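Next up, some structures in C-alpha cells.
Note that chain A is present in both complexes that follow, paired respectively with chain B and with chain C.
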Partner chain A sequence: MSFDPHIITDHLDDIGNGFLVTLGTWSSGVVLGLLLGLVIALAQVFGNNFVRAPLRVFIEIIRSTPFLVQLFLLYYGGPSFGLEMDPIPAGILGLAVYGSVYFAEIFRGGFESIPRGQLEAADCLGIGRLRCIVRIQLPQMAVIILPALVNLVTVLCKETAVLSIITIPELTMVLTGIGSQTFAFVETLLALCIGYLILVEACSRLGMLLETRVGRFMQRQPQ
Partner chain B sequence: MNNTQATLALASAANESTAPESRKAMIQLQGVGKHFGQLRVLKGIDLTIHHSEVVCLIGPSGSGKSTLLRSMAFLEEYDEGQINIEGQLLGWQNAEASGVARKRAPQAKINQVRQNVGMVFQQFNLWPHMTALGNVTEALQQVRKQSKAQARERALAMLDKVGLAHKADAYPIQLSGGQQQRVAIARALAMEPHIMLFDEPTSALDPELVGEVLQVMKTLAKEGMTMVVVTHEMGFAAQVADSVIFLDKGEVVARGTPQQIFHDAEHPRLQQFLQNYLDRNAFWQDGKDAAAAKP
Partner chain C sequence: MFDWPLLQQNFPLLLGALLTTVEVSAASLFIGFFIGIGVAAMRLSPTPLLRRLGGAYIFVFRGIPLLVQLLFIYYFLPRAGLPNMSPMTAAIISLALCCAAYIAEILRGGFLAIPGGQLEAAGLLGLNARQMLVRIRVPQAVRLTLPGLINEMILLIKASSLVSVVGLADLTRTAQNLAASDYMFVQDYLLLAGFYCLINIPLAYAGSRLEKRLKGRGA
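Moving on, here comes the complex of A and B:
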C-alpha cells in the first residue's frame, strides 16, 4: 500500500476552496435554519390550531424523508413548480429547511421548560409577550438547549457532504473528484475526514465556550 | 370628578366596618365566579377592599382563595361577575355578558387597569438569569421606559427597603428563599403599586426564614399599603389584618376583624378549620394535658 502526501499538497488550492464552500453553505444553512426553526416553534407554542396543524404536517414530512431526496426534489424538481435556483442557494435552502424542523422541536422543548410562574410575574408587571420571549425565555432556554443545538449543528455540518449531488463544489465533491482522477482514494478520503473533523471540533469547542458563558447564572458561588 | 364621588359613595355604602368615610374603594368584586371545566371554584364573591386596608384570605386548600387572589390580577380569567380596580373594570370588555359572549379586553387595557397592582407569588418567580438588581430594573426599563441609571437608582432604593441592597449583584440561586421572596417584593414595589397581592408568600420557605418576609410585609402595612394576602400564617393575620376572610368551597363563609374570626368564631366550618390549625401547631403541651391527649 502506498501513501502519497503530494496528492493532497498539489491540490491545496482546490481543497481550500472546497473547504470554504462547505463552511459557507453550512453556516448560512444553520443561521437560516435556526431562524426558520424559531419561527416554527413560536408559531407552535403561541399559535392556534389553524397554524399548528399544517406545521405539524410539515415537520412530519421533513422528518420522515431523507435529506438526499428532499434536495433532489428541491433542485431537480423545483423548476417544474417554477422554482429555479442556482446550486448554492438551493443547497443552503435545502439544508436550512431540513435543519429547521429539528431546530423547531428543540426550541419548542425549550419554551416549555420555562416555569409558567416566571411568565405570570412578567405579565403582572406589564412586560409584553415579545419582550418576554426575548428577555426572559430565550436567555434561559439557551442554557438548556445549547447542547442539543450544537449536536444538531454538527450533524448538519456532515450533511453538507450530500450537497455534492447537486453539483456544489464543496469539500466532498472536490476530494472525491481528485480521488477518482488519481485513484488515490486513501489520501483523499483521509483528508476529507480530517476536513470535517476540524469543522466539527471547532463547532463543539465554540459550543462549550457558549455554554459556560450563558450558564453563568447557574453557579451558586459568585465569581 | 363625578366618577370619583360615585366611587366614594359606593365605598362608604358598602363599608360595614369602622373605616372613615374618606376611604376609597380600591378593589370591588361583584358576584365573581370562576369555573375550572365543570367545577365552580368561585361562587359569586362580593367583596370591597378599601384604601390602606390589609385583608387576609384564609381557608382550607381548594377553597378558592388563591384563585380569588389571582383573579384580582387577571391571572385567572374569572368568568362571572366583575372586578373593578380603583373603579376600572379588570380584564373584560363586557363583564355583564357570560360564556362566550364575554370578550377579553385588549392586552394594553388589561395592563393599564392592573398597572397599580403588584403581585407576589408563593414560588417567588424571580427570573434566574438576572441578578437581584436586574430582576427589579427589568420592568422599570422595559415597561416604564426609565433610563438605566434611573432604574438602577430606584431598584437599589427598593432593595434597600427590603434589606437587600448588599445583594444587588447576586443571582437568585445565590440567595436564600427568604431573600428571594424579598427581592420579589422589591420587584413589585418598584412599579409603585397602590395595591399589593400576596399569594401564600411564605408557604415555600423554611420556617426560620418566614419571619424576615413577614417583617417586610408588616412594614408595608404600617406605611398604609392596600394589601390582600392569602396566607396560612394565622399569627400574621391576627396581628396585621384589618379584616380576615374565611373562604370555603368557593364562598365567603365569614368575614370580620381578627378578633371576630379567631376569637369569636361562630360558623362551625370556621371553628373546625381553626381547631385543625391549632391541633397541628400545638407541638408541646403540659405534662398532664399531653398525657391526656395521647391516644
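Moving on, here comes the complex of A and C:
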C-alpha cells in the first residue's frame, strides 16, 4: 500500500466543486425540509382529522422506506408523473421530503411541550393564533428542540452521500470517480472519510454554539 | 401506468430478495449488538484510555456516511493487505460496525440508568466485571432501551438498501434490475417501497407500544 498525496492535490479543483455541491444540496435540502416540516407539524397540531390522517400515513411511509428508494422513485419514476427533474433539484427535493417528516416529528414534540395554560392565557388576552405560534410557542420550543434539530441536520449531511447514486457530482461521486480513474482508492477514500468527519464535526460544534446562544435566557431559574 | 401481470411476475423475485435484506440486517444487528456492548462498556470504563477509544469509535463510525464506510471496506481493505471479500461479507461488516456505534450510544443510556448500588452489591457478592456486565448490566440496559434498539433496527433495515451499491442482490438491487429491464420504474419502485413498509411499519408499531408500556410502568 502506497500513499501518494498528489492524487488529491492534482484534483483539488474537482474536489472543491464536489464539496460545494455537497454543501449546496445539503443546505438547500435542510432549509426546504425545515419549512416543509414546520408546515406538516402545524397541520398535525392544528388540523382536523381529515388533514391529520393522510399526513400520518405519509409520515409513516417516508419513515419506513430507505432514502435511496425514495430517490429512485422521485428521479426515475418522476417522469411518469410528469415530474422530470435534473439530478440536483431531484436530490434536493428528495432530501427535503425525507428530512421534513423527521423535522415535523421534532416540531410536533416541541409544540406539545408548551403548557396548554399558556395558550389559554394567550387566548384570554386576545392574542391571535398566528401571533401565538410566532411569539409564544416557537421561541420557547427553539430551546427544547434545538439539539434534536442539529442532530437531524448532521444525519442529513451524511445522507447527501447517497445522492451520488443518482449521479449528482457531490463529494462522494467526485472522489470515488477519481479513485476508479487512477486506481488510487486509498487516498481518495481516506480523503472522503476525513472530509465528512470535518463537515459533521463542524456542524455539531456550530449546533452547540447555537444552543448556548438560544438557551442564554434559560441560565437563570425563574423565581 | 400499472401493468398487473408484470407486477405478479416481479413479486416473487422481490420476495426472494427480501430474504437477503433480512439476512444481511439480522446478521449485522447480531454482530453489531455485541460490538456495541463492548463499545458502551468501554465508554463507561474507569480507564481513561478505554473511554477515549470508545469515544473515538463512536465519533468515526457515526461521523462518516454509511455509503462511504461501505466503499471503504469493500475497495480499500483488500488493498491494505486483507483478502478480497464478497459483497455479502463487506455489507455485513460495514453495517455491523456502523450500527454498533449507534447501539453503543443507546445502551450507554441504559447502563447509566442502572442504580450504582446494584453494582456495589454485585461486587460484594464476588462477581467480576465481566459477570456484572453479562448478568446484571446488559439484561437491564436492554430492557430499558428496547424502544431505542427497535428504532435502530428500523434504521439498519433502511440502511441495508445501500449494500446494493457493492452489487449484493438485496431488495433494492433486485428492484433496480427489474426496473432496468422492464422500464416500469414507478411500479417496481413502489412495490419496493411497499416491501420495506411491510417490515418497518410493524416494527415501528411494536416499538411505540413498548415505549408506552415502559412509560406506564414508570421505569
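Rule of thumb we're sticking to: the second predicted complex is superposed on the first by the 220 of 223 C-alpha atoms of A that agree within 3 Å, B and C clash if a C-alpha of one lies under 4 Å from a C-alpha of the other, contacts with A are read in each partner's own complex, and residues count from 1 in each chain.
Going forward, a residue touches a chain if its C-beta (ideal position, glycine included) is under 8 Å from a C-beta of that chain, and two chains touch if they have at least 3 such contacts.
Since the model is a prediction, treat every value here as computed from it, not as a measurement.
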First, second, both or neither for A:217, with chain B first and chain C second: first
Which of chain B and chain C A:51 touches, first, second, both or neither: neither
Chain B or chain C, by number of chain A residues touched: C
Partner chain(s) touched by A:126 [first = chain B, second = chain C, both, neither]: first
Contacts of A:69 with chain B and chain C, given as first, second, both or neither: second
First, second, both or neither for A:139, with chain B first and chain C second: first
Residues on chain A lying within both footprints (that of chain B and that of chain C): none
Residues on chain B engaged by chain A in the complex (per definition of touch): 73, 75, 107, 111, 114-115, 117-119, 121, 123, 125-130, 138-139, 142-143, 169-174, 184, 187-188, 191
Chain A-facing residues of chain C, complex: 1, 59-60, 62-68, 71-72, 75-76, 79-81, 154, 158-162, 164-165, 172, 175-176, 179, 185-186, 189-190, 192-193, 196-197, 199-201, 204
Residue numbers on chain A that touch chain B, as the complex places them: 115, 117-118, 120-128, 131, 135-136, 139-140, 143, 217-222
Footprint of chain C on chain A - complex, ascending: 1, 60-61, 63-70, 72-73, 76-77, 79-81, 158-162, 164-165, 172, 176, 179, 185-186, 189-190, 192-193, 196-197, 200-201
